[in-house]
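Some structures are shown below for you to check.
You will see chain A twice below: alongside chain B first, and alongside chain C after that.
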Partner chain A sequence: MLYREAGDFKTSYHADNQTFPIKFDRIGFWISLAIAFLVIPFVINDYWANAIFVPFLIYAIAAIGLNILTGYCGQVSLGTGGFMAVGAYACYKLMTAFPDVSIVIHIILAGGITAAVGAAFGLPSLRIKGFYLAVATLAAQFFLVWLFNKVSWFYNYSASGQINAPERFVVGVAVTGPNTAPWAQYMICLVFLTVCALIARNLTRGTVGRSWMAIRDMDIAAEIIGVNPLKAKLTAFAVSSFFVGISGALFFSVYLGAVEVGEAFGIQKSFLVLFMIIIGGLGSIFGCFAGAAFLVLLPVALKVLGVDVLGWPTDLVAHLNLVIVGALIMFFLIKEPHGLAQLWRLAKEKLRLWPFPY
Partner chain B sequence: MKMKTLAAMALGATMAAAPAMADLVIPDLSYRTGPYAAGGTPFSDGYQDYFNLLNARDGGIGGEAVRIVECETGYNTEKGVECYESTKGEGALIYQPLSTGITYQLIPKATADEIPIHTMGYGRTSAANGEVFNWVFNYPANYWDAASVAVNYLLDENGGSLDGKKIALVYHNSAYGKEPIRTLEALSEMHGFTLSQLAVDHPGQEQKSQWLQIRRERPDYVLMWGWGVMNQVAVQEAANINFPMENFIGNWWAGAEHDVTPAGDAANGYKSLNMNRVVDYPVLEEIKAQVHEAGNAAGDGSNVGKVLYVRGMYAAMLAAEAIAKAQEIHGVSDVTPAMVRDGMEALEITNARMAELGMEGIGPEFSVSCQDHGGAGQGLVQQWNASAGTWEPLTDFITPDDSVIAPLVAEDSAAFAAESNITPGCL
Partner chain C sequence: MSADFLYGIEVVINGLMAGVLYALVALGFVLIFKASGIFNYAQGVMALFAALTLVGIMEGQVPFAHLINALFGTEVHHFGWEVPALLAIAFTVLIMIGFAWAVQQFVFRHLVGQEPIILFMATIGLAYFLEGVGDLMWGSDIKTLALGLPQGGSLAVEEWTAGLGGDDFYGFFIDKLDMIATIVAIILVASLIIFAQYTKQGRAMRAVADDHQAALSVGISLNFIWVLVWSLAGIVALVAGVMWGAKSGVQFSLSLIALKALPVLMLGGFTSIPGAIVGGLIIGVGEKLFEYTIGAPFLGGATENWFAYMLALIFLVFRPQGLFGEKIIERV
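Moving on to the complex of A and B:
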């Protein structure tokens, strides 16, 4: 009744092609943006920022990156953790080498460096596909972690091999370092996520995105109709790594502040982001948000419920978390391979007909 | 819809956090899951049992009951941060994360929030310089002390000279494992031994190539900075290549019962450092009688008297003594984190006090000051007796070589101070 196309007339091509063709969606989008930008920063505290919002925003950027590569272009990657590490270490080296340049520029440059590294590791995708490509990206994951552990130049020769984010400011407000206010941490991640999501959404609707999807659906057919696989695959790797690099840089500088490569960017990080897009939905920007929110919130929610409310032992809850995530992944793979995003789409379809389904 | 669930959770979290504000809140950032659980579990059991004993026997510390808030970190820094944020709001007095990675994470945060951190024998070594690290303490000993103690022990074994000897360091490839390298390099220059470094990646189940290299290079001694499942694998691999166990020395995080029992008799003779003596202390009987029999045991109660259990209990004792000291200094029983910090800085542990607490000789005597947050730095060497299933102390507490460590601490802490714009000084 409320959610419908009827009466929402489009009078121009521009209006017909907009991101949210249904008015209700548009209103919802602006309302959630307004809440995110105008309400949450004023009520957020340290716990909500560090335990929920900042990790959610950062993982959402990483999930968007991986979703472009895996969901839109069909190239399976297990190297997300390694590419996040490239972003983090690039950001660290830039922060310490050019302390006077704004952190925002450093983060974007870190994304650019990661894009170059990602494109280089994407070269094998021109020859190999599927599982074999997954193994090649796995090699990237292990190589990059090994590299950042082995070459002490990357961590400025510190004794412990850790990198620490020095304090940096955006328009006079600290966004990294221990004295950062929770709202500042939240806002910088939110701004990056919003811009990344808009770019990703519009890329996937345009020529580039269509060529990625053509490659994903059938690469030989795509080549025959004139899609250049070299260009499509390498741009997918570069754009995907750009987002993943930005998320790695934020993860290190804004969220954790000190990072150890093997622990923070190991293979489990690659899997975590992969699970996010599987549960959220392959080939959907909304799915990235849903998957990231789900996997960030689930352990916290379980902990609050199990330990704080029910008083269960902490180890039992931690194990239960593993069991539940594993079961959910199997459930989604079998029952709903398109993830939460598909459930959301179905719900919307039903809503359009409500209350008179036929 | 998402916002609604968030709001519901916020409500749940605040409701859960609301009650009982007057207690002394001690967070226990434990890990009972994952590849490091074997070490995390007994430590956490000992830590909690001691506070439970204080509650049962003395009604807490200075008449204030202790409330333990346990939070599972899984030795993971992200979860560690989440645990820190979720417990600090409850009035946490002191953090002991039992993880070097989490410690690095918490040092700047806790300093900004003004909550003391105690990292006993782990964490950032240069935190021993209290003028730079006002809120971080690592008494009674740190990694660089451990490296020096191990080398001093080997010097003793070899009549005072290690000239021309080969020593291999097998280390966990993380901040924890990399910590001793700087000291060992300085010591190798000083004493003329060659040091080779073999990194083992997290979690440490894969060590075949490292031990093949040891078999090829035939070092005289192997030192190990290991933790969790890595220790068991290393002891087994050493046995597989027939490396003489008495020349294999682990640090104090690589010398507990569960590290050697899987290798069976082959582990006989393996040595490790220890910073706390393990004997049948009277206090263990009290814990059994007043905590375990009352049904308040942390975990399953099977770890009493083990190496890491005793160390956890020792850590709890040091925290409790610091809180008692803070109550004495400030004349109030309901202390704040800042007061506890003052108590830690004025802490003095004597043999008489340890005996009074039913744990005579558990650690060396030491006192803390504003300049020195590092304590005595002593450690002893113990050896595993596989047939008896016990760790036998070989030496008394060995003193490290401060002439090597002090300049390194000064250098590293000065670098940190410059990096984070800290002007060294006392609070």
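Moving on to the complex of A and C:
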């Protein structure tokens, strides 16, 4: 009864173009924002922040980035881990080189640097397509990880080869370093995620996003109707890497604090983010959130169930986790290749007509 | 001849041997890709799984022992017998064929007609699934594969070639296992080619690779052919798994070799069996030579991790379909 367009009259073009055309959705959006900003920070504790909320927020940013490239522009990338590493190391170098500048600016700059690197690695996409491109992005993944391992300038010649986030403050509150309160970690990630999601959502509705989708659907046809493939593909790589870089910077500075590149940003990370957008839904911003939430929650839930409730050994549960994730991916692809976002869309279609079936 | 030059040749020979192993993994990819258009990311995990199964059967491990123990509180781990290698290989082949059938029946039959990228992602899911199942079945500790294959450098070759250089040169160091791997790979490729050229099923397989609809219309069962190529890929995976496993132990890193096979495929082209072999050799030699001449002296080593990908990437910019791949024709 509530979920209706009927009676919700639009009197301006602005109102007609809004992100959530149905009033109920708008209210839901504002309520979830209010909960995220005004309720969770006051009840969050260390376990919830570290196990669920902070990784969820950071992976959601990375998923938005990859979804722009893969879901909207159709260029499969297996180099997400490498680009996250660029973000992390750029952030680290900036933090140590300019200690007086705010970390927020550092993170944004780290995103910018990653965007440049991403665009450079996106250049071959003009010649190479499909699987060949997916494999080509692996070159980025392995080369970047190797680079950060071998060139000691990137980790300031520290003996361990690790990078450690120094303590930094935003409006007087520590957001990195050992003395960070869980709510501060949560808040900075949340602010970044909200801004990123808004930018991504509006980019994908505009000219740039349409040219990406045209390239995705058929690049030759898109070229014929006047989409510049060079511009579209490189902007997709740059914007995508920008978000991925921000998530990498947050992952290092806010979440982990200390990072060893092969471990934190290896090929597994690339696949994890790719799975998030497949399960969530390619070409959907909501799907990024759903996929990230799903794949962050699943191991935690399995661990709680397996180790804490049933008392099984940890390694057994870890193996079961692999089996279940793998099986779920195949199941989703068979049942719903468009992911959780499509299920959500179908549910909304049904809701609009409820209680009538047609 | 100067010793440096001879060592260079040694590096090339060792690179060729490593390349053979890359080519073995790449071969499995090409078989499936040609016949069904599925880019099978799980090939490396299949190699791992096959090797794990072989070791498990040979040592008489109880499958899923870990899980059974956790569920029922029992303490089972071994049956207490040891299976001879040949019998164990036969069992493993049967298991791989069963796996091929299951994959076709439960996954890819339902995905016919989907976009290639969806199929690719399904194989990534399959890789995770299979890795988890392998760990659950046989445990995740590193296992040694005791097939009785000779290992270590071959003394005969060393003595034989020592006279070639001056006093600084002690002969070529070539691993016996690599030589056996090369011979096995040659036999495998030869028998695959004979199978594809001269048997009924092999012809049907090539027909499916050429054109699905035309093959269907002359009465070839696509389903059967797909099970067949997955089984063949499983057997190739077993051979690759045994060779790599004998070299460096059966462990998770085995499945990462599949990733190494990707640049091999890009160089050779996804649709060409000779391409897979030539690509494997180029990558094997290229990365060893690069490490020997530039990587280790100037770049701090470990360039083997990425060199193959970079080589393939640069190469592809000039020839997007690989060395032997079919020309990509795009229509609107």
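Of note:
Following the convention adopted for this analysis, the second predicted complex is superposed on the first by the 358 of 358 C-alpha atoms of A that agree within 3 Å, B and C clash if a C-alpha of one lies under 4 Å from a C-alpha of the other, contacts with A are read in each partner's own complex, and residues count from 1 in each chain.
Keep in mind that, in the parts below, contacts are C-beta pairs under 8 Å (C-beta built on N, C-alpha and C of every residue); 3 or more make two chains touch, one makes a residue touch a chain.
Just so you know, these numbers come straight off a predicted model, no measurement behind them.
By the touch criterion defined above, A:300 reaches chain B but does not reach chain C.
In the superposed model, A:175 makes contact with neither chain B nor chain C.
Contact with both chain B and chain C is seen for A:319 once the two complexes are overlaid on the shared chain. By the touch criterion defined above, A:162 lies against chain B but remains apart from chain C after alignment on the C-alpha atoms of chain A. Comparing the two complexes, residues 149, 313, 315, 319 of chain A contact chain B in one case and chain C in the other.
Listing the residues of chain A that touch chain B in their complex gives 35, 46-48, 50-52, 55, 149, 159-162, 164, 166-167, 177-179, 256-260, 262-264, 266, 293, 297, 299-301, 303-305, 307-309, 313-315, 317-319. Those residues of chain B that touch chain A in the shared complex are 2-3, 5-6, 9-10, 12-13, 16-17, 30, 32-33, 37, 41, 70-72, 74, 76-79, 81-82, 85-86, 88-89, 100-101, 104-105, 108-109, 111-112, 124, 173-175, 178-179, 181-182, 199, 201-202, 412, 419-421.
The residues of chain C lying in touch with chain A in their complex are 39, 66-67, 70, 107, 110-111, 114, 116-118, 120-122, 124-133, 135-136, 140, 256, 259, 262-263, 265-266, 270, 299-303, 305-306, 309-310, 312-313, 316-317, 320, 322, 328, 330-332.
Across the interface of their complex, chain C is touched by residues 76, 124, 127-132, 134-136, 138-139, 142-143, 145-146, 149-151, 218, 220-221, 224, 267, 271, 274-275, 278, 310, 312-313, 315-316, 319-330, 333-334, 337 of chain A.
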